[in-house]
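Across the two complexes that follow, chain A remains constant while its partner is chain B and subsequently chain C.
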Partner chain A sequence: MADNPTYKLIGKNFTPPDIEAKVTGASTYSEDFRAEGMAYVKMLLSPMPKCRVRNIDASEALALEGVYGIMTADDVPVFPNPGEQILTNEPNFVGEPILAIAAVDESTAANALELVNVEYEELPFVLDPLESLYPGGPDAYSGGNLVSSLRIEEEDELGDIGVVSHKWTARDFAAVDEGQLPMGQATMDWQYGDLDAAFNDAALVLDETFVTACNSHHSMEPRSAFSYWQNGKCYVHGSTQSQMFVVPGLANLIGITPDELVYISEFCGGGFGSKGGAYAVMALPAHFSRLISRPCMLRITRAEEYYLGSARASFQGRAKLAFNDQGKMTGADIYIVQQGGAKNPFGDFGAAGTMVSLVYTPESMRFRAIPIGTNTTPCGPQRGPGQNQMSAALEPLLDKAANALGIDQLEIRRINASNHETLTGGENRQKVSSSYMLDAIDMAAERFDWSNKFARNGERNGSKVIGVGIGQGYHSAGIAGFDGLMRILPDGKLHIHTGVGNLGTYSYASTSRVAAEVLDMDWDNCVIERGDTSKHLPWTIGQFGSLTTYTMSRANYAAAMDMKQKLQEIAAMDLGGNAEDYDLANETVFNINDPTQSITYAQAAQRALELGGKYSGEDPNGTNPLTQASVAGLAGSGLIGVARDTTPLNEHISAMVATFVMIELDTETGNYEILEFVSSGDCGTVNHPLGLVGQLRGGACMGIGMARSERQIYDPQNGLPGSVGLYQAKPPSYLDVPAFMDVSAVDQPDPTNPMGMKGIGEPPVGAAVGAVLAAVSNALGGYYFNRNPVTSDMILNAASGREQSNSPLQILTQ
Partner chain B sequence: MSTKDMMPNFDLFQPSDMGNAFDLLEQYGADAWPLAGGQDSLDWFKDRVKRPVAVIDLAGIPGMNGINETANGIEIGALTTLTEIAESPLIRDSYGVLAEAASRVASPQIRNIGTLGGNICQDVRCWYYRSGIDCYRAGGNTCYADTPEGLNREHCLFEADRCVAVTPSDTAPALVALDATMVIQNTDGMREVAAEDFFIGPDVDIERVTVLEPGDILTSIRIPSTWAGANYYFEKVADRETWDFALVNVAAVLRVSGDTIEGLRVVCGGVQCTPRRLNGVEDIVRGSARDEETIELAAGSAARGATTLNYNGFKIPLMENLVKRAIRDS
Partner chain C sequence: MRPQNQSRRSFIKGIIASGAVVSTGGLMFVSGCSENTLSPAAGSVERLISLNINGTVRRVDVLPNETLAMTLRNKLGLTGTKIGCDRGECGACSVLIDGVPNNSCSMLSHRVTNKNITTIEGIASPAGELHPVQQAMIEELAPQCGFCTPGQVISSVALLNNNSNPSREEARQALAGNLCRCGAYDHYLNAVLRAAEEIA
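Let's turn to the complex of A and B:
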């Protein structure tokens, strides 16, 4: 990626300030903290997928030496069904916390747990949404299988229990062939264009049932938390992707107001969507600490992380696709049944519809979906939730269509690629702010040398065969309306306060550089304040959804512009003229007409302290109350720049990636090696080149895992999860991904971002899983699995003409 | 549910000689657990499924480490790490099938700690059994894998007997192929057991995978020179290229003279509870030319007699293909 000549800092690499600690091991994660007199908390987890706790006898446990106390569901707040509970007497997945014991050390706590006698009432459970949708089928939640806020308008009233029991009719199931997805009443149903005409006039119609895998996040740092109370405040050290975004939710889980919480999360060892906001279990040590008046540490183990750390939802889907003879997708009729998991499901299903509308730009489209609860780990967001399942499902099918129509597989993607005028699907269709996907496809195709590479598709060398494939990934890439906060101290240094969490992307630092760019600061004179709410941080979007780069560059731009205005005003006050007569350069404010008339930022900061009012933070109007509280905490320390990003935003921000791969598949073993990998992305102006490379390559590794090995399995007999260790859940190893991945970006600015930036964290996953699965299907001469992952047993079955072991709609299986 | 990843306390003994170790084994009987590299043992302990009272760490006992040439081959101490075996010039030169197998076990980190003895004595990896469920192997009266709904992709094709778990070891098939013998000591003395007889199926004892009994220590593995320098083949097929167990692996040694395969031993792992010696394949190939017809006949007979479960039918073509490659490419 070429140097961006427009900017001093944007588009340039830098060393984020936390790198050294990460490299040397000095970084401290939540479980590294210790305090005098602390206790260790261990939890008793549900052994059953759905049950009711009838009785708890903890007398023997409490008598054990070193035990400080027990907490049960009766001691913690209850949250609306089917929301996550801190502890519960009605667990609905294996591994849900029932009670906890605090003791002098973990070993004692674990021993005490074994002395607790719990009587359970076993309840019917369900792993397959279709089984739950069948008349009389079991419901995963207490009282139903569908979150009532998602219910269909015509549904009967069901009070305020939060869930409804939604069933299809037996006729719905009988109306389709075995192996086809039945399509009863959905909770999401939108349409645009003339779908009937599209299918009537189509040159080709595909009608494909598919499933996608549930897979874990594999965060290297489990979600441990440490908490204590001091001077009326609750201190929590947690593991989250986000910083400020966590505060309201965590305060609510603890039962305090946000100003009573000090939240520290300086480092996060991975979240991938599963630690975007506050989650129930992180509030347990705070509650326990209040009960026993000791600092409490809850270390989550690897197995516990798998049990309760959430997972990507499976889809059971059906795609009816109409194409004209040029390969244009004229109609898409998509139905998604989403594995809802045991708790409030994340909206993967909704994102799936938007993805189809933007990546394939069908001229007409109907989208129906329904998320149905299952007694499995909660289905939370995972990097590209919904979008990336669709890449897995549809990218190989695009090749199937191209082959049937006699169209080049690259060309069918070019024909259907989005452009600056593309609209999202959905109730309120929105135009994208920009789309350079065609440029990204062309850039990657050229770097990959598509024509020559595709000519090798099917080339055999003994049992080995070459496969070539293309994948596309999309995610929304930004929103507006968050706050920026910074101050210049009398020593002239710019302190950028950021509520962005440290999720591993370095976006906390790269978005802070926007402020430095606007203010023409030497980066060495900038200090980033972060990681601890007592450092007075602004209200910030959470670090998820590929949102941070776009959203927080806008917010920091707004606050930097506020800072600039104040610098100009102070200069005009002291040197004469109007604020507009002044500009900024080299950390001074100077008169445009007479540059000798200037004051330094340090002088301006000193003047701000004398001036008071808005200059030194006494008047933080127009921002979020949490930001206002932070400004109040900083008042009188320097010149304050603070603002909410209020620039109107009416477009949909879209980022996409195109990936090309070449694999060599061994038909005798079912294994394959990825020989070449090329990705190009449309992420607007490149802000941090090395950060971008990390996202494109790291995301690709997750996509490769989705394609070849990752899945959660559940035993249908007892609801037991079978992927509760790294070796069972099988994220790809360094030997399963290409040694080198060629990554690049179009680097064209988005018009709605002051620096042209867009986020790009999630699309690389979808592009990679799509490309690898497409390459496998191409290597096998057009064998479509309609499922991910595609494992060696499936390839062997295909290559040897055996039937596949799984039925077409089976999920959570091997 | 039992607490995962939280090891309960036990008494740890680190004897400095064999006699001391035997005393401890005798003293604690079934409550004793001899520990080698710990890569299998510690998982069991952390999940509180296996709960020995006394763990006897064998690492400090002299003579259980290293690779030595003997009059008739080599002797490998049971505590020799897999990395040492994979990197040993002696083993690479003369017993390449074992070096290759050792190099494919788990991950580099695990191979640096894991031992040959531990690798061959490790328990089965059936995910139901490992979860601590009350299956036959765990002393219960059910097998959850061998049912109409059981998830049994990794399970066996042959010799199921209430339990359908398979041997997970990569080195065990190589040792059977090399006709190794296991040196076992106890207070009564020393005995040698052929590798083929060392591993036992559920029909013999459903709660054990080897002939080792309480009080026994596997001290070394002897490999005769019979197959030294022979053509060999090892291949492991797994979901991942590292840190994974074999879906199926194959270890073979062949003596080839001119065009003729004069003798061979072919063994598959991952298809039954013990390493499966493919006698039928050997009978077809022995004395035959290494030609397409022989290779195809051998491959076609590799999985004869297999009884598939719901999810493991792919192991039949996989076995056939691996045997084909073993005969063809060794």
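Let's turn to the complex of A and C:
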């Protein structure tokens, strides 16, 4: 990626201000804080997938020396079913917190938990959405299996508030062949184009049932939290991807107003979607601290992280795909049953439909889906929720179609690639703002040397065989409407306040550089204020959904333009003329017609303090109430630039990645090495080159994990999770990913962003899982597993002609 | 674990000979009382021990079942050592023990009293000058979330101390015990090779 000549800072590498602390160990995560007199909290977790707590006898535990107190569900607020609870007497997954004990140290708290006697009433549970949908099948939630706001038929009988029991008919199940996904009434159902004509006129129709894995997030930092109360405010040190986005939800969980909360999250040891906003367990130490008047630390263990730390939902799906003889996808009829998990399901299913419409651009499409609760780890968003499951499911099938039609596997992707006119599917179809996917495919194909590499597909060397594959990934990549806030102090420094959080992408810093670029600031004269709400941070999008780069570059641009306007106005006041007569350069406001007429930013900031009013923070400029509070906190400290991003956005922001891999698969061991890896992305203007390639490679590693090893498994008889350690749940190590990954970007600007930027965090995952699975299928001569991960034993079964041990619709298994 | 009929002095000698459990420094501190008046119950070990950490002897009250990771983080304020799994799977808690990388979550503090322990806080020079590995990791933008980074630094330093010119594959093998969920593996390997060049 060449330097961008348009900008001083955009497109250039820089040293993020927090990185040195990461290599020296000085970085402080939530578990690294200590306070005098602090207590340690340990939780008693549900041992059953669904039960009711009949009685709790904690008398012996409370008598233990060093125990400070106990909290049960009776001591914390209750949130609407099937939402996450802080503590509950009606757990519906193994590992859901029932009660907690605080003590002088962790050992004492753990010993006390052993002395608590709990009487449980075991309740029927369900792991498989299809079992729950069967007439008379068990419901995962209290009162149902479907969140009522998702249903489309009013005649469903309402169970608990917000939940209905939704069943298909026995006829629905009987109507399909063994191994095919039944398709009863869905809760999402949209269509465009003439689907019947597409299938009637098709040169090829595929009708494939598939499943995708439920897999954990495996954040290296478990979600520990530390909390105390001081001067009427609650201080929480949490592990979240986001900063300000967490505040309203966390305040609600604690039962206070946002202004009573000080939230500190300077570093986050990984979230990948599972820590995007506030989550219930992080409020527990705050409640406990209020009860026992001590600072409270809740250290989450690795096993607890697996129990309650959320997971990607598995899909049981069916894809009927129609192609013409050129390989164009003329029709797609997709049905997704989503494993809802034990709590509110995330909208993976909806994103799956959008993905199909944008990546494969079918001329006609019907999409149906339903998320059904299961007594498993809650299923929240994971990096490309929905989109990346579809990459896993459909990319190998695209090769199956290409092979059947006698079309090159690269060409079938090129012919179906999106362009600037492509529309999303859904009720309200939106045009994409830009799509350079074809350029990304061609760039990666050239760097990979597709023709020569694919010629080697199937090449054998003893038991080893070469496989080559292509994958594509997509995610929406930006929204609008958030706030930017910055100050110039009388010393001339620009303080950029950002509330986006610190997930590890460094986009908190790279999007702050947009403000410095607009104001022509020397980056060394900029200070980023972040990580602690007491630093007066604006209301910003969180760090999730590939949204930060696009969304916050717009918001910081808006606030920087407000700052620019104020600088020009102050110069005009002091030097004469109109604001429009002035421009900015080298931290100076100068008269365009007579550049000797100028004032420095430092002088302007001093004048702002004298002028007061909007210049020094008495007008929050139509921003969110949380931003307004922060502006009030900063008032009188310098020249304030603050604005909400109000530029209209009527288009869909789309980012995509194309990935090519070559593997060497050993048919005697079922193992394979990824020999070559090439990936190119469409992310608009490149802002931070090293940050970008880090995301492209890091996302790919997650995709490789989805392809080869990661999954949650459950004991179907007792509903117990079997993957509650890293070695069981299997995120990839150095040895599972290529020793080198070639990554690049198209670097073409998006017209709806002032600097042309788009996000990119999630599409590399889908592109990688698709490419690796496609390569495995190609290495095996066109064997399609229709599931992920594809593990070594599955490869061995395929290579030796044995049946697979999984039935086609089985989930939560190897 | 001391048999009740064994003298305290002979017990200590045995322990020192076996290279395990307790240091004399810690015992001497405790034995401010007369050793005759000390009669620990069977199965007990001394609690106040000395650990040589980053070149400094630190006296610390340690439970018999306490891991080095817990001692470092909770007793000595050395929170740069991270606990990712607490069962020797992820490598985030790596420290050097006599120059060899170890998972401190799986090492009892009592077992390292006579060892030289280097944590992430001891990798930069006392004056704060970064080790070439640390500097290279910054230049390669290797850390993402940063939680595994201390362990990656420790394993990289250990590798370069033994092999100043590793191949990419050798670096990959040497770091294979350090998981990174952000998937920054490529960047860490780049940093190791860059640091090797710097050291050479």
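The rule we apply is simple: the second predicted complex is superposed on the first by the 809 of 814 C-alpha atoms of A that agree within 3 Å, B and C clash if a C-alpha of one lies under 4 Å from a C-alpha of the other, contacts with A are read in each partner's own complex, and residues count from 1 in each chain.
Operating definition for what follows: a residue touches a chain if its C-beta (ideal position, glycine included) is under 8 Å from a C-beta of that chain, and two chains touch if they have at least 3 such contacts.
What you see is a predicted model; the values in this text were computed from it and never measured.
In the superposed pair of complexes, A:269 makes contact with chain C only, with no contact to chain B.
Once chain A of one complex is fitted onto chain A of the other, the partner contacts of A:805 are limited to chain B, with no touch recorded for chain C. Touch criterion met: A:304 reaches chain B, while chain C stays clear of it.
When both complexes are overlaid on chain A, the residue A:504 reaches chain C alone and has no touch with chain B.
Of the two partner chains, neither chain B nor chain C is touched by A:74.
When the two structures are aligned on the shared chain, A:110 is found in touch with chain B, with no touch to chain C. Once the two complexes are overlaid on the shared chain, A:740 sits against chain C while remaining clear of chain B. When the two structures are aligned on the shared chain, A:201 is found in touch with neither chain B nor chain C.
When both complexes are overlaid on chain A, the residue A:727 reaches chain B and chain C alike.
The interface of chain A with chain B overlaps its interface with chain C at residues 107, 301-302, 726-727, 732-735.
Across the complex, chain C is touched by residues 13, 15-16, 18-29, 31-32, 34, 107, 217-222, 267-272, 301-302, 503-506, 690-691, 694, 697-702, 725-727, 731-735, 737, 739-741 of chain A. The touching residues of chain C, counted against chain A in their complex, run 63, 73-74, 77-87, 89-90, 92, 119-121, 123-124, 130, 133-134, 137-138, 140-150, 153, 168-169, 172-173, 175-187, 189.
Interface residues of chain A, counted against chain B in their complex, comprise 42, 44-47, 94-95, 106-107, 110-111, 113-114, 301-304, 463, 668-671, 708-709, 713, 715-718, 720, 722, 724, 726-728, 730, 732-736, 791-794, 796-797, 799-800, 802-803, 805-806, 813-814.
Only residues 1-9, 47-48, 107, 127-128, 131, 133, 144, 147, 149-153, 235, 237-245, 247, 310-315, 317-318, 321-322, 324-325 of chain B touch chain A when the two sit together in their complex.
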